[in-house]
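Heads up, the next two complexes both have subunit A, just with different partners, subunit B and then subunit C.
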Partner chain A sequence: MGRSGASLPLMSRRNLFQAGALGAFAFGLSACGSSSAPTISLYQSKPEVIPYFRDLVSSFNTEHPAIHAIHDATSSLSASFARATPPDLGCLNYNFEMARFQERGELSDLSDLLPEANIAPSVLELVDQYPTYPGRTSVIPYSMMGAATFYNKDIFDQHGLDVPTTYSELLGVCEKLKSAGVTAFYFTSADAWTLAQGIADYSIGGAIDVADFFKRMRDLGTEASNDSEVSFSKNLKKPLEKAVKLAEYTNADATSRKYADGNVAFANGEAAMYLQGPWAITEIMALNPKMNMGIFPLPMTENPEDRKVRVNLDLALWIPEGSQHKDEARELLKYLIQPEIADKYNATNNGFGVRADSPAVSDERLKDLQGFIDKAAFYQGTSTAIPKTIPFENYMQSIFTGGSIEETLATLDGDWQRNARRQGTN
Partner chain B sequence: MTAQVLPETPLQEEVKNSAPRRRIRKSTSSAWIKTLLLALCSLTVLLPFLVAVLMAFKTTDQAILNQAFALPKPWSIEGFKEAWTLTNFPRTFAVSVLITVFTVLFSVLVSAMASYAIARNWKRKFFRFSSYYLMAAMFLPFPVLALSQVKLSGYVGLDNPVGVILLHVMFGLSFNVLLFTAFIRSLPEELEESARMDGASPWRTFWTIIFPLMLPMSATVAIFAMLSSWNDFMMPSMIIADPSLQTLPVVQKMFQTQFSNNYNVSFASYLLAMAPSIVAYIFTQKWVMSGLTQGAVK
Partner chain C sequence: MSSVVSTTSKRRRRGRVEPMFYYFLVPALVLFTLCITVPALMGIYYSFTDSIGFGEYNFVGLNNYAVLFSDPAIVKSYLFTIGVSLLTVILVNVIALFLAIGLTSQIKMRTALRTIFVLPMVVSGIIISFVFQFIFANTVPAAAANMHLPFLQESILADPKLAWLAIVLVTTWQAVPSAMLIYIAALVTIPNDVYEASALDGAHSPQQLMRITLPMISGYVLINVILGFKGFLSMYDIIVGLTNGGPGTSTRSVAMTIFTGFDTGDYAYQMANSTIFFIITLAIALIQLRVSRGKAQF
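What follows is the complex of A and B.
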């Protein structure tokens, strides 16, 4: 120790120099971010529309010189909340994960903006299907996606088939296609999410009231098990059995096919039906501009009135409690929900409007679904109502690649109960 | 893997030359087998790389066809252009470079000094303990500490690239000290003794004698520090609060989505990001190898 003491003066000089360099670097960096107008950040990370929102933010900045808005697509949301520096305005997919922030009161109340937003009551109901914070309107829906079964109109015409409205009609269509040597459904089972959002969500959503099911499951809390009055084992078994029956009419190589393969195959007419959402339309049309396709909700019962469309709030707006510039963030929110801006967004991105007075979709194919949306015949998928800590997608993958339905659902019930215990919710 | 295709050292050559004839034939045929195996192994790296390059030069229309090995037709640099603007490449690149350069610099300096102190004072409890203390950090991966690091760095205003540099240096310290101490132990202490007799302080001894001798190992440490810092995703994504000061790997996350297949843009961007580490590797390859073997032999 004594020896190193002798060298202290020199050492500190060098350290001083290093610290100075680091300090200068830090100062230089922090200087980049400073500006006279209050800076607010819009967090929006849906990749396809990042350039779109970037443009929106810059036109907002020119219209509101007193506010400087920046667009953030890359930060870690959980980290920013943990650091107590959340984004000022969020524009994200509304799912169970997002609802966790809402449930814990991290999002501020926006109920006074509701009249201006003029959200359709049926859409607003979707928000309340996930755990909310009492007495608050924590999120304002912005865009809704409707997903159902794509079908190749040419193949249907060629074999004299009509769009099925009941489950037995659907089976009939599949049988006819099979005897004609045509693959009825194209499955991409190697991507677990395509099964979860596709066949699993459609078959469950077409057969049971998903929102009511999850409400009862949550009310049960830690009491939920495979013996309780509602459970995954009890309520999902029948729809999934029917779905597995449909899976007999899929392409033989489904287990090794992924989402991108599915788009190519469906665009090339290799199968009559394909279970995907509107996000795939752009790609399919790019692959085959002459593609003649339509969309119908997967019928899972014998009553045509039961047909419903799977929707999700693709984008919803929220302002965190921890935001330092709530007023400015509200200005940006109001700017984004103006009908001419929101409608243009939905028209360009195959979304359905969420306002009571939003115009009908312009996309030819999505028009097939407009009727269902208008009469609120829609549901939020089962896969988005389950916390990510439970690997629901993989469970569905196991069911549709030959696993046992009973065993998988029993596992799911066990997971749900353990999760409820961990959360300590009632 | 590249370490295995090293040219044989003169020593091995000599051994071979002095061996009887039939052994030479045997060793050449086994060398052929080895080369063939290694060539096959290198395909596992080269093929994906080829796909990346081909994809990067395709148009979006061709990229979604899902034909990985098809040649781009026409060759297009649209992907690069779009990646350039989407990631705001010049600024993101600059931030990544700054973080990497400072991380490398401090990693080498701090770990070299710490290792010198530890290696030459091994008999003292304090230094032995600090060595164990630093080694213990090897068993703590960042994800375990992520939450507390995010909170702490936020409290002290280090939720920016400077914080990332600091954490990169700290997290690399244990491994780097391990490398350096092993290396310093192999240096003859007599050199320092003679310097001390000439009146050099430990500080002076370190800079004029030890540090130059450690250069090969410093190069190794620098390369490791550079690669891990340049490619790190988790830490910058958690620590850096200001999106305009984010690093390349984090910004590139926006290309990874289940719904879109803009492979040409993503791969173009990955190639742009990969370029610096490849260039650095080509120029410093000799250093890395010599550093590795020197550390290994002694």
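What follows is the complex of A and C.
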């Protein structure tokens, strides 16, 4: 009796604490639920434009007090889908990896927003080049990047060279530079991705119809092999042989140079041409503000009409099925696609507009590509159409560091078939 | 009530272990089950599906395994990983043992030297690999050019036939200290009078090493070999920093291949790969234990 009596006041005090804590917790919850607007997250992780989007989101919040948008640049996308807590609005690079989400029906239908988005038909076609979800518009393109060969105008002028429009003219340019002791191309082969998106994509895209090739490869499914009617071995061999020929005119230390080395070397005029995308322009200009550079598509045939620009949908918008606030996310999407907002984004970040009525690109250097973009002379790179599980970048690295083209392409065909077999495509 | 009391007292009388000891096991057991066992079992389950890590999936039976065994890239990654691990574990243990012997003998600045040799352990693998990447890609070729050594002027990281060597070197550099610490701990347990007695009998140093030191620390050798080999099999960060699997695919380890499954939608396939990897690692550990059973001395 005495013991329990002694412990009573202590017990009651603890209960009091518990009750107080619970009350505070409950109060906190109710405060959260009633006063603030629904919170939606915008997932956007392209490093160069994170500050830009942070500002955009805050001005959206000011204009739409009923919605609270937050900017998420760091989550793991696959993990967030695996946890069933995907972002409410995604604004991401559209490639084969992204297409996986739409193919499995994880992205909601946005077809009713298409008229408002007014996307150019040629750009909309790019979306359909990857596996889509039947009957849905899963993504809306937002910004497009155009990439081609950078060239140093001063070096070209010094040696009396014109921009080549055919493959043999290009070889002629390389020969002239070589005999003058100038490195024609600066390669950064230690970074495999620079070869894949550069020389590999440009040489293949300049020679064959990439979209058609991959459509036929996907249709083949598990039937694909190096003996089938289309195959990597058959269709990519010639362009890659021509590309390897061009690789003879590169810097001697290419195999140990990385992307950053390449930017420095090109900015310092160590080579006449450099195969990089628009993302490198800012850095090259920062390294050498007087840099006099232009851009041209790598000619891979004898017909100047075959020249095409490598593009990618650098940013595309989508709303997951799993979003709890689709309506609010659509408000944010509509805000972002307003012409004055989207055009300003592209003008500031070296992008090409995706609307049918987009203004021309503003960057001096990228203007060289506008004509090609306008007549839809563009393609999405081979490297972005191959599932990342196939180490295409590494394969290109081995080709351009002395490996066998035939063997590598045969491996690629084998990988493609094995991938189809485990995806159950057939 | 009374029956409960009587059964518990009966158990106690039989000398049953105090239940508190089991309670102590609970936190570790729960954490291990939740964080290791359950995810591993889930991974094995998904290896029989076509899951991409989320969303809907179908059962595909042994399809992933069938594809796996016909994939030359997978087979190559296993050969590469096991080969490099074997070589590294031998190098690490030989170097660590000699360093430990040196650092336990009566030399000047012993403590300072021990500290210096342990330093690589403190630096994270990815940083080490970036530093060495720079050394291999820039410093070594530049030095070779100055000394007119043409065969070293091209970075070994850029040579598909030699890049593995760089990975062995850097992994060894990083792994030696921890093995060395274990050997130092082992060597100080050997009583000095054993050496004195053998010296009186006319044994010279190599004989002492082979007949006394090695047998006396055989248990520690076993620990170092098993732990080291297990660690090297899952090598990842150093390769990412040095070659990222290249040139071509010449230095892709199993762990790197498995990791691609998480962000490329090849989840189920790489889960099948992980399952095979688990079985192989388990088999290697069992073989090592079986071979060394009874021979090791602690």
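Please note the rule applied: the second predicted complex is superposed on the first by the 391 of 426 C-alpha atoms of A that agree within 3 Å, B and C clash if a C-alpha of one lies under 4 Å from a C-alpha of the other, contacts with A are read in each partner's own complex, and residues count from 1 in each chain.
The rule is short, and it goes like this: contacts are C-beta pairs under 8 Å (C-beta built on N, C-alpha and C of every residue); 3 or more make two chains touch, one makes a residue touch a chain.
The model shown is predicted, which means the values in this text are computed figures rather than measured ones.
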Partner chain in contact with A:Gln397 - subunit B first, subunit C second, else both or neither: second
Which partner, subunit B or subunit C, touches more subunit A residues: B
Partner chain(s) touched by A:Leu114 [first = subunit B, second = subunit C, both, neither]: neither
Partner chain in contact with A:Ala356 - subunit B first, subunit C second, else both or neither: neither
Touching partner for A:Glu97 - first (subunit B), second (subunit C), both, neither: second
Contacts of A:Ile341 with subunit B and subunit C, given as first, second, both or neither: neither
Which of subunit B and subunit C A:Ala84 touches, first, second, both or neither: both
Partner chain in contact with A:Val264 - subunit B first, subunit C second, else both or neither: first
Contacts of A:Ser256 with subunit B and subunit C, given as first, second, both or neither: second
Which of subunit B and subunit C A:Ala180 touches, first, second, both or neither: neither
Shared subunit A contacts, counted only where both subunit B and subunit C touch the same residue: 76, 82, 84
List of subunit B residues in touch with subunit A within their complex: 60-61, 64-66, 86, 98, 102, 106, 109, 117, 126, 146-147, 150-151, 153-154, 159-162, 165, 201-204, 237-246, 250-251, 253-255, 257-261
Complex contacts: residues of subunit A adjacent to subunit B: 1, 3-4, 6-7, 10-11, 18, 22, 25-26, 29-30, 32-33, 41, 45, 47-48, 50-51, 70-76, 79-80, 82-85, 191, 193, 259-261, 263-264, 277, 279-280, 283, 286-287
Residue ranges of subunit C touching subunit A (in the complex, touch as defined): 50, 52-56, 58, 60, 63-64, 66-67, 70-73, 137-138, 141, 154-155, 157-160, 244-250, 252, 260-266, 268-269
Residue ranges of subunit A in contact with subunit C within the complex: 76, 78, 81-82, 84, 97, 100, 104-106, 189-190, 192, 253, 255-256, 258, 387-389, 391, 394-395, 397-398, 401, 403, 408, 411, 414-415, 418-419, 421-424
